[in-house]
Structure formats: structure tokens, C-alpha cells
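Quick heads-up: structures coming right below.
Next come two complexes, and both contain chain A; in the first it sits with chain B, in the second with chain C.
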Partner chain A sequence: MNPWIAIGALAVMGVGIPLGMMAVSAILRPSVPEQGKSAIYESGEIPTGTTRIRFNIQYYMVALLFVIFDIETVLIFPWTVIYRSALESGVGLGKVLFPMLLFIGILTMPLVWAWRNGAVEWVKSPRATSRKVEGES
Partner chain B sequence: MSLPSVTATLLQSGGALPEWTALAPTLALALTALALLLVDSISPETKNNALLAGTTAVGSFVSLAFSGWYLAAGTGQSGTGGEIVLYGEALVVDGMYLFFSAIFASVAAMVAIASYDYLAGKEYQGEFYALTMLAATGMTLMASANSLASAFVALELASLPSYALVAFLKKNKGSVEAGLKYFLIGALSSAIFVFGISLVYAVTGSLLFSDVAEALGETELVGVAGVGVLMIAGGFAFKTASVPFHFWAPEAYEGAPAPISGFLSSASKAAGFAVAFRVFVEAFSLSAIPEGINWVILFQILAVVTMTLGNFAAATQDTVKRMLAYSSIGQAGYVLIGLAALAGGASSQNGDVMGAAMAHLFVYGFMNTGAFLFIALTEHWGIGRTFEDFNGLASKAPMACAAMALFMFSLAGLPVGGGFFSKYFLFANAVFAGFWWLAALGAINSALSLFYYSRVVKAMWIEDATSEFEIRSKPVGLYAGIMIAAVGTFLLLPAFGPIIETAQTAASALFGA
Partner chain C sequence: MSGVDLASVLLQQNGSGNATGNATNATAGNATNATAGNATNATAGNATNATAGNATNATAAGPTSETPLPDLISGLLGLDGFGIWGDAVAALLGAFLIANVMLTMTAVAGPWAKRKITAAFTDRIAVNRIGPFGLLIIVADAVRLLSKELIVPEGADRPAWDLAPIILPFSALLGFAVIPMGSGIQLADPETGLVFAFAAASIASLGLVMAGYASNNKYSMLGGLRSIAQNLAYEIPLVVTAASVVIFTGTLRMSEIVAVQSQPLIEAGALTIPSWFAFVNPFAFVLFLVANMAEIGRNPFDIPEAPTEIVAGYQTEYSSVYFVLFYLGEFIHIFLGGALMAVLFLGGAAPPVPALGFIPGFVWFVIKIWAFFLFTQWCRSAVPRVRIDQLIEIGWKGMLELAFANLVLTAIIVGVII
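Let's turn to the complex of A and B:
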């Protein structure tokens, strides 16, 4: 038997069961429209404002910095695994440690630059500031 | 007592210097970029343009000196043990890498010196120079890439700073629009390029140029390989501003700060050609590639269409900067002859015609950068953009206008600058290689180009001024940049011999492998 038949059967079941459950419950349940049901769910809080607000562009800078160092971690990880055994088999410290220090150093340089140029400095949102002023007065 | 040349030939192969120092032209540019970031970290708001431009220029000159020294000493060339392969064959140092590094470093130096005035009083100066140096680093790496992976990464390293530099004038609508267009077309062509790489990898099972060539010779998947080669050619067409990916060039060059236009149209274009030459000669070598994939015909079509379209479009422009942008597309068409006039088998003509194309790029680096720096000067003075706005400018600024006339005539191929010999050798070698019709079309286009180049000269020197110019100052940096370019363009006329010899030796070494 073709092994793909089993996968096809699984796909049919996987799509069919949820669709069937939704169809059956739609037929059985009474329809009670209510305002609370269609409101935005904010973990029990009363929703304020719409979703169409401006996000601070700084999220993007932080994400960018994160990606760089995320990938750095991926590259450091295999190095840590071979580090000790490389030293034990007689490869010099200059060849094992120095290139990685250089690599991290090169990545640190732009981080320092970004820090100094205010990439991780949190700008106060104008909306929050104005609300605070209103509250005080 | 040993002669200097004898000790020098043993630089890397004899152990006088460790092998990685062969990459010194690249390392100098990369260290300059880091140093500029350091300066900008210590004082982020700095307007100390002299320090920043000076650092950039010094770094570029150091890189240029390394290239010149290694070229003279024979690093990576056939005389001293051949090319130096580094980092698991990802990078290679040979005559071609050093030759192109010299182009990038000299253009970067001129751009840095001219930007001293152009950027005066503007924000984010440190970033400007750091990005320029990072792009130059990427370009030198493109010239040394020995695998498709490092070629792609180097291409991105050169491209990403370029997008930011084109959009550098944040408050200027034209600059931002140009940056966005450049970025979108760049992203599209990068995607096509990397897709092509994946297809070639699927066929050959390797990214190293030599392995790709070997595997292509025995492959049965000619169709897939052919599509891959075509897509990779598309990626290079973007970088060199050739048809069909030339649309970004007029917009980007017109909107970008003028020194950056010069940098992109000279150095970035040369970098595209550097990596294209190496990929097509080494990875898709004519002697190994299957019969069905004849990329020479592709480049013949591209060369003819690019030079004709560029020249005709340039002839109809009203603004000088846009005319220069289209003319740079036309010039890319001439250089494409270096890939179009190749023949299979071990013909010595192949190296000669490609070397002539490289020498043309070298001269072009000076004359075209100079022309854009002159535009930067007129922008600095606040003179308009059209040909008419330049009327009678020579009476106010004779020195700069004389230099501009030199650039224009040299670009057209008149014997006042190195452009004459570089075009002559390019067309002559195409004829020797048996492609007389390519040379004839090039010569016809070249004659047409004289029309629009001389329009600038006529406006500056012959026409009377229609309005008063308000030239308040003679900016030192811009003048210095223009004069370096002018002296370089002029001196390359008598000194063209060594350039063409170096270029043809480097190109022949590529074919000789």
C-alpha cells in the first residue's frame, strides 16, 4: 500500500473533525447576540481606544539589535562545544580564542555606537506625556 | 644585497608576511569603518568634518597603497606562486582583486575629500563616512570572492550601505524616493541572484567556483543550470546598472547626494563587473560549460542594448545629472564587451579584451567620479540642474569648468584623457577577438555620446550667462576632489601603458587557470 494514503487519511480527518464540530455546534446552539461578546478582549480590562494607534519605531531598532546578537549566539555555540577539546589537542590559544574575541569585538563596536546614538534610549511617547500633564492639572 | 623587488616578491609566499595580510586592502577599509564608528560613538553629535573626512581619506589611501605595493611586488600573481586562497577557499587574492581594490580605494578617497564640503553643517556625518567605507569594503570583497556564497554576502555588504547613502538627505524628497526605488529593485534583484545561486548549487553540489565549473562539465541538468546562470547574470546586471535592471540608476543617481552618485556609478559598477568577470570566467568557464548554456550571446545582446539605450536616453535629457546617469548606463554597455567578446578554448584574446574592459573601468573611476563631483560643486553653489543653468559658468569658475570639460571629452573618448586609450584598446581588442560588429556598434555609440557630452561643455564655455551666479565660496574639499580626478584622468593618457598591462596580465591569469 502506498504510504501516502495514510497521510491523506490523516489530512482528511484533521480538517474534517474541526469543521464537523463547528458545523454541529452551529446547528445545536441557540443564538444569543450580546454586546459583551463582540467587544475586544483585553484580559478582563475595559478596552480603551482603538487598535489603530502608532507604535513607537524604536521597537524596530531593538529588534534589529536583537537579531544581530541572536545570530551571534548561534555562531558562538558550536565554538564553545569544541573549545576545550581543541585546546587539549594542542591548538594554541591564539588560534582558538583570539578569532572569536575579534568577532565579538567587531559586533560590540556597533552596539556601543548604537547605544551612544540613542538606539536603546526609550523615548517617552507623546500620548503618555500629554495624558500625564492633563492628569496633574 | 638583494634588490627591493626580489625581497618583495616573497611577501606572502616566502613567509615575510603571514598569508592573511594579502587582504590588507580590504582590511584597511574595514578598520577605517570601525574607527569612524568609534569616533562617532565617542561624540555622536560631532560636526568635526575635517577629522571624519580625513580619517576616511587616509584609510582609503592606505588601502590604495597596499594594492599598489602588492601589485608591484607580485602578490597573488603568477610570478610568485599564483593566487593566494584564504579562508577555506572563500576568498582569493590575485592580480584582479588588487587591480579592482585600487579602483575602489581611489574613488572612495575622492568621494571622502569632496564630501568634506558637501556635508558641511549636515547631521549624521560620522554615519555617512562609515557607510561609505563599509560599502567600499564590500566592493573589495566582491572582487576577491571565490565562492557564490561569499560573492552574495559581499554584494549585500556593498549594497545595504548604498541604499542608506542614497537616501542620506532625509528631508529631501528626491533623495528618499531614490533610496526607496534603489532598495526595492535591489531587493528584487538580490532575490533573483540568490535564487540563481540555489539552482546552480542544486545542479553542481558546490558553491566554490572551481568545483562548480568541474561539475557543470558533467551535468545532465542543463536546463536548470541554464536558468541559474541567467538569474545570476540578472543579479550582476543590477549591480552594474545594465539592461534589464537599469531602471534604478537614473533615479538613484539623480536623487542621491552627488558624491554618492559618483561613488555608486564608478566604484559600485566596477565591483559588479569584478564579481561578474570572476564568476563567469571561473565558475561558468566557457571550456567547461555545456553547449546549451551560451552566456556569451546573452552578454552580446545585453552589451548592445545597454550601450544603445543608455546613449539614446542620455541624449534626450534636460538635466545634467540625469544625463550623466544615463551615460553611465551606456558606459556599462562598453564594459560588457569584456564579457561579450569571449571565445571558447584557450584563446589569448580573451584575457586581452577583458583586461581592456578592466582598464576602462579604472579610467572611468576617475573621469566619471570627477564629473559627479563637479555636479556636487554646482549643487553646493545652488546652481540649477539643467544644461541652460550652466550657461556661462566658465567665466566664474574657469578651473572647475576646465576639469569638467576634460571629464566630458575623456568620457566621450577624445584624446585629452585616459578615456581615449581605454576605449581604443577595448574596441581594438574586440576586433582582434573577431567581434568587429561589437566594436563598430561601440564606436557609433561613442560618436553619438560626443553630442550630449559636448552640450555641457558648450553651455559652460560658449553660451552667455542667462542669470547672475552667486558663487560665494570656493570650497577646498570639492575642488581638491575634482582636481585629483582631473589630474588622474589626464595622467592616465600618457601612463596608460602600465595600467593596461597590469589589467591584461590579471585577466589572462583568470583564464589561464
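Let's turn to the complex of A and C:
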């Protein structure tokens, strides 16, 4: 049997079980709409402003860095699979190991660059930093 | 990880028939043959080569079937003669069984075991009124939560808000398709099992981001952002550490990864230590454990939820059955993390010493994933949460470098030994 039939069957179950639970709940639960009930939660205060706020640029920097390393891991996997059998069939260590070391080495450079430029350093707002200094002094 | 997933699916479709056909009767000499047969697809040919090479190493030779559990079911019910529809029915029955095993474990873990464990750590008693040891609280909680009113927040992004609670349990459950649970309970055993499990598990972050964005709540938004930052930072160390295990095994097929670990590592008199990768490479084990805790968002890395900082993170606005689904998804995800730990580092469903082999493999598997669950709950009671800036720095400045150092060192050591 093709294993992907079995995996597809579990995917069907994975969607079917949540939908089934939703159906059961739809039968059981009450619906008493009231004004104020559906207001978004903001610790009991009346919600102010919009949710689509400007947020820390850091999340974007980290995501960019992730793209590089995600592709790197995809390319490393085929190498790890053949590595041992290639060595056992008598291919030299330099020929199997060295290119991958070079590859990892090259891809470590962006990390060093990003580190030096503060991409993995959590950005602190200047206002919060100055207040903290004032508080401490 | 979506790249891995897509590539693996394509690989499987192109090469599976050919590759497995060669694997069953291949000696090392056949490897060139296999590569020639799969000329369009070099990796598939290489995987065959690895399989053949390893069959000689491992005590249990390659898999007899790629879908052990559905084949067993179809044999029992006599569905063999019905072609693809018989296969589909057997696969659905197998999937139903696996899903229910996981639902049962989650039901025990979520409303009952979690409370009991936390209570034991904080010197309390916890649930003890309904049923023996308070076990019927599971039924009471299920009925209570399912019959709550569903409150839709104002301005919710509707299709996304409803889809997010489906995606989370879906992704965690899908990962279990390739996990060998011992005693022949394994739904599918494709050639790309390991990367498939990672690919399926990482769909969960999509669900978290959808929940965070669509709720129209500032706490949810922050929780969603935090969860994506955390998953990005720890995905790479997790996968690269797993790759260092693949260097030893030479295959991504789950049943073979387990089979390689069944050989004895050290034999000292009556005591036999199996070559579980937790013993072969303890450093990788610890790295994987930490990255795994972050990936599934448990303490000390539970900042996407962080109840004392952002209320409940991405699930702040979810009530009723949607809350149950999030809870369910998170717990299945913990068990999936435990299952990956067990398969990669703890010998899958094998007993720790051969003398205990009379206990079925499935029992050992359950013990191992529950041990991981207990560990997460222990950390919940004992380890303080890291801050978001600390989390990013631990991930990018510590774990990533250590993971690559581990990979390179493993490759060098394996290369020098062979």
C-alpha cells in the first residue's frame, strides 16, 4: 500500500475530529447575544485604538534570518543521508566532508554579519532605555 | 520546512516504487544499479544505497511493509482484494485508531494529569471528588467546555478566526502518521518519515499566527508575534540536531532509525546499554530537548501564552469548543515532541534492557512519551519563564551555533572512525 494513502487518511481524521467536536458543541451550547459580551478583552477597560498596531521591527529581522537558515537545513538533509554510506563505500573524507564544511562556513558569515549589526539583539525603545537610566541614577 | 515537505513528497512519488523494490533485494553492489534506475532523481538513488548499507548494520533488516498498521487491519478484515478502495478503508480505520489513542492520552493528560502533577509539586491534592482519583473530571470538563457559549469578538477576521483552531490539532495529529509506536502500530513508514514529521509539526505556527491576528485583540496579536519569533528561532537548532542523528543512521525512515538503535553499545557483564542516540551523543540529546521545549511552547519557553504578561496570548479571545481545540492541539503537540524524542534518541519502542522485552513495545513507547510530558510539567513548576529578548538571544546566539557545532563535530567524528 502506498504510505501516502495512510497519511492522507490521518489528515482526513485530523480535520474531521475538530469539525465533529464543533458540531457537537453547536448542538449543546446556548446562544445569548448581549451587548458588551463580544467586546474585545482589554483587562476590563473599554478597548482603545486599533489592534493593527505598529510593532517591533525585530520580528521582521529574525524572520529574514530564518529564511537563510531554513534553506540551509533543507540542503543539509540529503548530505546527512548519504554521508555514512559514501564513507563506507570508500569515498575519501575530504571529498565528502570538506564541501559541506565550506557550505556551512559560507552560511555562517551572514549570521556573523547579522550579529555584529545587531539583528539578533533585541531592539529596546530609546524612550524606555532613557527612563530606566533616569530611574537608576 | 515547507520546502522539505514539498521536496519529500515529490521524491516519494518519483522514486518510491523503484527505491523500495531495490532495497529489498539489494546488496552494496546494487547501489549503482539503483542510481541508474533513478537517473532523474539522484537523492532517491542515494537513499536506496543508504538503506542497503544499513540493512547489514542493523539487526532488524529493512521494513517489510510501508504501512504496517493498515496492512494488519486489511489482513484481519479481508480487505486485500478490493484494490485502492480496500486500501483506503483500511487506512481510514488505522488513522481512526491512531487518532483515538492520541485523543485518549490528551484527555487523561489535559484535565486530570496536568492538575495532579502541578498539585503534587505545590503540595496540594487537586481534583479528587468525581470518580476514582477524580478521574471522571475528564468527562465533566469535556461536557462543561463543549456546552459553553461561543463568543465571537467584535471585528474578528472571520474565516481565519474559525480555521485556526482546526489547524493546530490537525498539524499535531498529522505528525503521528509516521511515528512507530511499537507492537506494529505505525500508520505509514515512508522513506522521508523524519522530515515529514517535522514539516507536519511546524504547520502549527501557522495556526497560532492566524489565531493571534484574526482575534482583533492586542494581547492575541502580541502572542501570535511571539510564537512566530520563537518557532523561527528554535526550528533550525531542532532540525539540525536531528540531522546529526541522521548522520549515524543514514536514513530518514522512522522504522530504520529505531532499528539502528537496537544494537548494544556497551556490554558490561549482565548489563547491556543499548546504542540509543541519547547515550551515543548526549550533547545532541540535550540540545534537542531544549529546542523541542521551545518548539512546543512549554516552560521555560511558554512566552506565546505567558499568562502573567499577555493574559493568554493568541487564545485570549477563544471560548467554548475553540478553546478545547487549542488545548487539544497543544497537548497532542507535547506528545508529538515526546514521540520524536523517543524515536530519535530513546530507541523508539524498545525496552531499555533486553530482559524487559516481555512488556509490549507500545507500553514502552507510552512510558517514554509520558516521561517527556512529566518533564514538561516539572519544568512548568520549577523553571521561571525567559523574557522575549532572552529567548531570541538564547536561540540565535546560543542554540544555533551549538547545533551547527554538534553537526560538524558529529560528521568529523563519524568520518574519522569509519
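Following the convention adopted for this analysis, the second predicted complex is superposed on the first by the 79 of 137 C-alpha atoms of A that agree within 3 Å, B and C clash if a C-alpha of one lies under 4 Å from a C-alpha of the other, contacts with A are read in each partner's own complex, and residues count from 1 in each chain.
Simple rule for what comes next: a contact is a pair of C-beta atoms (placed from the backbone, for glycine too) under 8 Å apart; a residue touches a chain by one contact, two chains touch by 3 or more.
Predicted model only: the values in this text are computed from it and were never measured.
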First (chain B), second (chain C), both or neither touched by A:Trp4 | second
Pick one for A:Gly118: touches chain B only (first), chain C only (second), both, or neither.
-> first
Using the touch criterion from the header, give the chain among chain B and chain C with more contacted residues in chain A.
-> C
Where does A:Leu102 make contact in the superposed view: on chain B (first), on chain C (second), on both, or on neither?
-> neither
Residues on chain A touched by both chain B and chain C 115
Can you list the residues on chain A that touch chain C in the complex?
-> 1-15, 17-19, 21-22, 24-26, 28-32, 37-43, 51, 53, 55-56, 58-59, 62-63, 65-66, 69-71, 73-74, 76-78, 80-85, 87-89, 93, 96-97, 100-101, 104, 108, 111, 115, 120-122, 124
Spell out the part of chain A that touches chain B in their complex, as residue ranges.
-> 106, 109-110, 112-113, 115-118
Interface with chain A, chain B side, in the complex: residues 34, 37-38, 40-42, 44
Over in the complex, which chain C residues touch chain A? Could you list them?
-> 1, 3-4, 7, 9, 12-13, 16, 28, 31, 43, 46-47, 49-50, 53-54, 65-67, 69-71, 74, 84, 87-88, 90-92, 94-96, 98-99, 103, 143, 146-155, 165-166, 169-171, 173-174, 176-178, 187-190, 195-196, 215-222, 225, 228-229, 232-233, 235-236, 239-240, 243-244, 246-252, 311, 316-317, 320-321, 324-325, 388-389, 392-393, 396-397, 400, 404, 407-408, 411-412, 414-416, 418
